[in-house]
Structure formats: C-alpha cells, structure tokens
Amino acid sequence: TDSHADVSATHDQVIQIETNIDDQTAEGLGYAMDQLLANGALDVFFTPIQMKKNRPGVKLTVLVKEQDQDQLIRLIFKATTAKGVRYIPYQRTIMQRSFKKVTYRNMIVRLKVASFNDIKRITPEYEDCKEIAEKFDLPLNTVYDEVKKLYQE
Amino acid sequence: TDSHADVSATHDQVIQIETNIDDQTAEGLGYAMDQLLANGALDVFFTPIQMKKNRPGVKLTVLVKEQDQDQLIRLIFKATTAKGVRYIPYQRTIMQRSFKKVTYRNMIVRLKVASFNDIKRITPEYEDCKEIAEKFDLPLNTVYDEVKKLYQE
Amino acid sequence: TDSHADVSATHDQVIQIETNIDDQTAEGLGYAMDQLLANGALDVFFTPIQMKKNRPGVKLTVLVKEQDQDQLIRLIFKATTAKGVRYIPYQRTIMQRSFKKVTYRNMIVRLKVASFNDIKRITPEYEDCKEIAEKFDLPLNTVYDEVKKLYQE
Amino acid sequence: TDSHADVSATHDQVIQIETNIDDQTAEGLGYAMDQLLANGALDVFFTPIQMKKNRPGVKLTVLVKEQDQDQLIRLIFKATTAKGVRYIPYQRTIMQRSFKKVTYRNMIVRLKVASFNDIKRITPEYEDCKEIAEKFDLPLNTVYDEVKKLYQE
Amino acid sequence: TDSHADVSATHDQVIQIETNIDDQTAEGLGYAMDQLLANGALDVFFTPIQMKKNRPGVKLTVLVKEQDQDQLIRLIFKATTAKGVRYIPYQRTIMQRSFKKVTYRNMIVRLKVASFNDIKRITPEYEDCKEIAEKFDLPLNTVYDEVKKLYQE
Amino acid sequence: TDSHADVSATHDQVIQIETNIDDQTAEGLGYAMDQLLANGALDVFFTPIQMKKNRPGVKLTVLVKEQDQDQLIRLIFKATTAKGVRYIPYQRTIMQRSFKKVTYRNMIVRLKVASFNDIKRITPEYEDCKEIAEKFDLPLNTVYDEVKKLYQE
C-alpha cells in the first residue's frame, strides 16, 4: 500500500518466500523486517505458528519481484537465523491505480484511486494523514473522513 | 465439510487466493466472509498476521474452483479493501464420500461416510446435530455420540 | 486436566503469572515450558502477541497454586529471559472429579468422571488411550470411541 | 457493540471468565459461542493458545454481569468440555451512549453517539448497514460513509 | 525493556487495561500503539482474538502505572474506536537492574545487568546494538555476541 | 533443524501439504504432530485460523520430500479428521551444512556450521545443550553461550 506510481496493469507475478523460525528472538525478527522492507521487499509479514517440541515459532513471509529474489534470499540468510527458505511464484490480479491530491489544513494529502472494472475505491495516503493527525493532534479517523469528504465535493 | 453430494474422485484442483488486509475493520471482514461463502467459495478463512508499522493485519484466504476464480476475485475487490490478490493452484487428494441417514428422536440425521483405501470415517452432519441439540436442549457432543452409536448398531 | 486424584471441591483459587517475552528463542521457550510443568505449574501456555518495534512476541502464562508462587517465579527468571512477571489471583469453579477404569484390549484405561450438579461428563485418559493407539496402530479417536462405549455398556 | 439502550454511567464492573480448551472441536466451540451470546454473555471471544504436548488449544473468554455469573458458568460446563473455569472482576470505564436515527434509501439506520468528556464518536449500527448493503448490493463501507455524511449534514 | 534507570525494588504494581476492537483498521491500531507508547504506557501489545459474527478482532492491552491510568484511558478513547475499557491491577516481581557500558568499535554500548537472588542476566541494549549493526552492516546477533564477550573479559 | 548429515547442495524441492481442521481436538492434533514427525515429515506446524461459523480452526502444514508424499497423505487421513488435503511443490534454497564437535563439561556437543557464500553461522545442537542444561541444572542460554565461546577459541 505504499507504492505511489500509477499502475495500469491488472496482472503481474510475485515470488513468495517463506521460512519457519524457532531460534531467533522477536527483537531480532523486528529488526529483520525493517531491513527486508528497506531493501526492496514488496511486503513482509509474520505469522504465529506452533512448531514441534512446544515451540512458539514464527513464519516469515516475504513477497518479492522475481528479479529481487536472489538478493533478498541472501538478506534473509544474513538478517535471520534461517538455514533454508522455500519459495513459489504467485500470479496477481491488481486494481489499476492513480493518484489525486487535495489540500487539507494547508497540507497536501495524496489519495490513491484504485479501480477494477466498475469497482472504484478512494484511499487517502496513510503517511500524509498521520502527519496531519500528529501536527494538529487529531484522531487519525477524523483526518481520513475529512479528506475523503473534501475529495468528493 | 458442507457439500453433501457423493464424491468418488480422489484428486482434483483448487485455486487458493490470498490477500493481506490492513485497512478494513473486523466487522467488515466478517461480513465479507459471509458474502464469499454465499457466492461459491469452497472455503474462506482468516489468519492473524503481523504487518509492517506495528499493524495487526489479517490474511484472507479463499479456496475456489478454477471456473469461479474471476467472479470471486471480483467479489473480493468489492467486499474487502484489498487492492490486489495473489493466487496459485493446489492439487488435492480427497477421501471418497457418500451419505447415510439415521433417525434419532424422530429427526433425520445425515452421516458422511468418507473412505480412502482402508481408512474409513463416519461424521454426523453438523447442521443436523445442531438442530437436534437446540430442539432438545442437549449438549452437541451428546447428539454426535448418540447418532454414531445408532449408526453402528 | 492431568491430575488423577478425586476432587470433591467446587471452588478454589489459582495465581495466574504472566510475562511478555521478546528476547528469547522459541527453542528456549519450548524447553522452559517443560521445566515449568515438571516443577509444579498447574498449567503453562503461550499466546502469540504483537509487541512494539514489529516484534512477534510471546506471552507466557503460568497457573500455580498460591504456595508455589515464589518458587515458580524464581524458575521463570531462571528458565526464561523475563526481567519481571505480573500476577493476579483468579477464583475457580471446578467440576467434581472421580476416576473409573475399564479394560480394553487387555489394557487398563482410566476414565475421568466430571460432574457439576446435573451435568456429567466422561473423558477417557489421554495417556492411556495414546498408549493403546500406538501399541495397536489405531487412530486415537477410535480408541476414545471404543473406550467410551465399553464404559457405557 | 450491540446494546442499544442509552448509557449514562461511565463506570461499571464485569466478571471475566476464562478456560483453556484442548479436548473440544472447533465446530463445537463455534456452537458454544452462539449459545453463550444467546444467554446473556456481554462478550465471548477465542484466543489461540499453545498448550503442552504440542496442542493447538483455544482460550475461551466470556464477559458477564456479576448477576449472570453462576448461570453462565453452568452453561460453559454444559456447552464446552471445560472441567473448570477461572474468573476475576474487572472495573470498566465506558463512554456514554445515546442513539440517533437517519433515513437512507428509505431505510432507518441507527447511529450510536458515544462521548467521553470532549471526545465524541459516531458509529452507524452494523446490522442496519448490513441490511442495506445486502438489499441494494452495495459495499458495506459505502453504506457507512453515506450514512455518516447524511448524519453530519 | 527500555527503561534505563537503575531499579532496586523487587515488587511494584501495574494496571492492565484491555479492550477488544472490531471496528478499527490495522493501520489505525498501529498508529495508536505508537501514540500510547509515546505518552507513558509501560507496554502495549496486540493479541489476535476471534470475536462473534466471524470477526477477526484484536485485543489491545496497555500496561500503565496507577497514576497514569486516567490519562491513558482518555488516550485510548481518542486514538482507538473502543467505547469502553476494562482494567485490573497486577502485582509484579521484578529483577533488580543496573547498567554497565562497554566500548565496541568506538561506540558505547549499554548493558542491562538484571539480578534476582543468585540469578544474574546480562543484556546488551537493543538500540545501541542496532545502531552498530546498521553502521557496520553486521548481523544483529554478531553485535550482541561480541558485546557480551567484551563485557565478560 | 534436526538433520545431522552434511549438506552440500544449495537447492532442492519440498512438497507442502496443508489442510484446515475444525472437527478434531487439540489433544488429537498434538498426537498427530508426533506421528507425522516420526514417519518422515521434514517439518510439521500448526497455524491458528478463523473458519466459518465462528470456528477457531487450525491449519496443519506438513513439509515432505516428494517420494514420501503418498505415504504421508495416507498418514494424515489416518491420524487426523481431514477429509482432503491440498499440496504444492516449493523450491528451496538452503545453506550448506557440516558438523563440528566440542567437549564441554565432559559432554560432547555438536555444532551445526551453516554457510552460504560469505555468510556463516554456528549453531550448537539443541538436544545436546538441553541434555547438559538438565544434567548440570544450568539455564539453556548459558550452555549455548559457553559452547559457542569454546568453539571460537
């Protein structure tokens, strides 16, 4: 949800890389997530899993573009305790995206316009709304609601 | 576990569709599950995932027949806030299934008979047992146990 | 669920001890669970929690009798990386319990008989059923079902 | 989120009842949730927990008013396989609540108005919005947004 | 794990505040965690819970000092969609803590020395180690190991 | 993490088998995990999932070598209540592995040496460290740290 380029395609492919981890601390995994996102991963997430010998493990999943696969597997080996990773290509269907802007309280807020055939969705940018929420001490939801109303007028 | 037609095949294929959601409420997701199940999804389930920026996200997984894929992807875009979905075909091995009936407390209860080579399993239908449990104010387990005993006699 | 003494009381009290862990591996936590159970904890369980800085942490919960509290807190400090624990007394309402025995395939199986007013439940002992399932290469469910039927005859 | 009476208090007390379950199926637990909600529980929820012997257990939590405690403990013993429950009183701070109505597409929609000092929040009723979403084949979010706009005009 | 003052007490008390959330997005919850931590919460964490109507909800737990309770409940009402919170005091037993320093690669690293009777544990500070890991492009674990070795020499 | 043969390959393939379970107890699933691991599964883990009708289900995932697929699917049908399984091949990239030994307190401890290009990682064997921790009543972490230090000297 953080790529801000216009997207007109409706199909692409990603590689999903997974590994089960039972010998790294949560502190280390939090840091690994930051590193993976900073180095080109499309998405990174953790799933709680229950492994053998009563171990409360974590499955790390990393979505990458095919051309980044080798570099990111290398980074997983460096940033985590994984001794192996498994991966598989997924096809994707994606909504087409473009960006609009509105001015709210003298700040510019981007809105993502996503469409798929007759389905259309407007999503104010999280980072822009958060900045305003912090600056004016407003609930985040209030900013979202106001920005959407502004756009629709 | 809710299809009641006899199944004699032992292999088929399903499409597994997944999407990570961090911008929809749990209320909205509960409603989306109902819609997907009502429109031909074979199975729908949520997995708690931990996404970037400290977000307690949810992975939505939908299993569909290949011929329903396009229609259900469209429904996911309508019923959820997903802006993209990823999918992949899985092969399946399934037990052969047929149905039997017993009469318990003047109510008809279906039993699913599943077999795979020498393995055989009898499962009373949940909906039928639940109806009896409610009507006669019995624990659900009691109904299951009684129905299985009846069938085996 | 593994104490085999008859219980006639319907109320008692336990201390629930909790601590959030983000700097110990799942391997280490699995070992800690074993140690806590071997040293008098009534129950030990892990809950996946999402902590600050994108950390996929684990909450350790240990239920103990009041007289064991100090010893088990000491063991938590030894067996885990926790630097503090929090705890609170819970009241309990418990079913009264006695034990019966049946002989199945020449093996003795204990059954827990739990009752609370007019509610009565029969549970074959897991460890006994498992031993039979292993010895005769049977599904565990089959053993449970057969043992319950034997008892009810 | 489903009580529709006006609330003017800001403090009350609830009893939180918990029990760990490792010997009941998910089917049975889903049915138990329905029964508990239908018989006066304020809230019912499941937490995935990891229990001894590699068991993927479930913690059942039930919030009740003090006067309903005995009746609901009895129902837990009837509807689940729990052989004991633990409980503890929690204090609560709650927003004051009143209800408004708007008419949207000729349907009446209730809105919950919650306030706490200078904080005020408007929430359209889920069940009302869902009914409209189904009837007019609209995304649930669209209905929420439209209803909130109507109210603010 | 982020307070850096020496601690000599072994007992204190915290208030645990909880609320179940089913009508806020994960984006909003991630932002709320940041706000709560920035305003005096001792700890904030999310637990995935399964609520009625098939809702994949989240339980928010906030640990606070008694004197901060009112202010943080107010912030929960502002930063989340909760319409009520429940809370309870927990007693705590905590390890005594002091801080040491070592110099590694010309950077100062703090180490937390925690002790409880004869149990003693040394933990390098996460933030300091992370800074070095980033600056010298080292695995975080390598920095931890080297720093501990330095301290023990 | 429990195969102790040297591994020089860096790529192989595994079959990932999955099934959603809502009609088996956690007790039964814990036993099934043991059976699957004892019969050639490379890895077995549980993921908490939220299924239809408010069911707190479990996804069972089993990783197997292609030649073991048929036998392990058969075992899943025998040891669980699954009536179907889905599966898919994953490619794997794995670190090369060899084993070293050190003597600590007169006990032999194996260390796994994993390498991938310039990345190298040393991991003492869990089972060996656990045995020493138990015998000498030491924290598991202490044993790991001492063993690693011994190896590096």
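Note that the chains take the letters A, B, C, D, E and F in the order they are written out, and that residue 1 is the start of every chain.
By definition in this document, contacts are C-beta pairs under 8 Å (C-beta built on N, C-alpha and C of every residue); 3 or more make two chains touch, one makes a residue touch a chain.
Source: prediction; values computed, not measured.
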Self-check item: Those chains which touch subunit F and also touch subunit D
Solution: A, B, C, E
Quiz item: So which chain is farthest from subunit F, going by the mean of the CA atoms in each chain?
Solution: D
Quiz item: Where the centre means the average of the CA atoms, what chain is farthest from subunit A?
Solution: C
Quiz prompt | Repeated interface matching A-D, over half of the contact pairs identical, chosen among B-E, B-C or D-F | solution = B-C
Quiz item: So if I superpose subunit A on subunit F by CA, what angle comes out, to the nearest 5°?
Solution: 120
Quiz prompt | Interface composition of copies subunit C and subunit E: same or different, split at half | solution = different
Practice problem: Averaged over CA atoms, how far is the centre of subunit D from the centre of subunit E? Could you give it in whole Å? | Solution: 29
Practice problem: Send over the residues of subunit E in touch with two or more other chains. | Solution: 22-24, 27, 33, 46-48, 50-54, 56-57, 78, 81, 88
Exercise. If every chain is a node and every touching pair an edge, decide which shape results: line, ring, star, complete or other.
Key: complete
Quiz item: For subunit D, which residues are in contact with subunit E within the complex?
Solution: 1, 14, 16, 33, 37, 43-48, 61, 63, 88-95, 97, 112, 114, 116-117, 119, 121, 123
Practice problem: State the interface residues of subunit A toward subunit E in the complex, per the touch definition above. | Solution: 24, 27-28, 31, 48, 78-79, 81, 126, 130, 133, 139-141
Practice problem: Would you pull the subunit A residues touching subunit F in the complex into a rising list? | Solution: 18, 20, 22-23, 47-52, 57, 59, 73-74, 77-78, 81, 83-88
Quiz item: Which of the residues in subunit B come into contact with subunit E in the complex?
Solution: 21-27, 29-31, 33-34, 46, 48, 51, 53-58
Practice problem: Using the touch rule from the top, collect the residues of subunit C that touch subunit B in their complex. | Solution: 48, 50, 52-54, 56, 145, 148-149
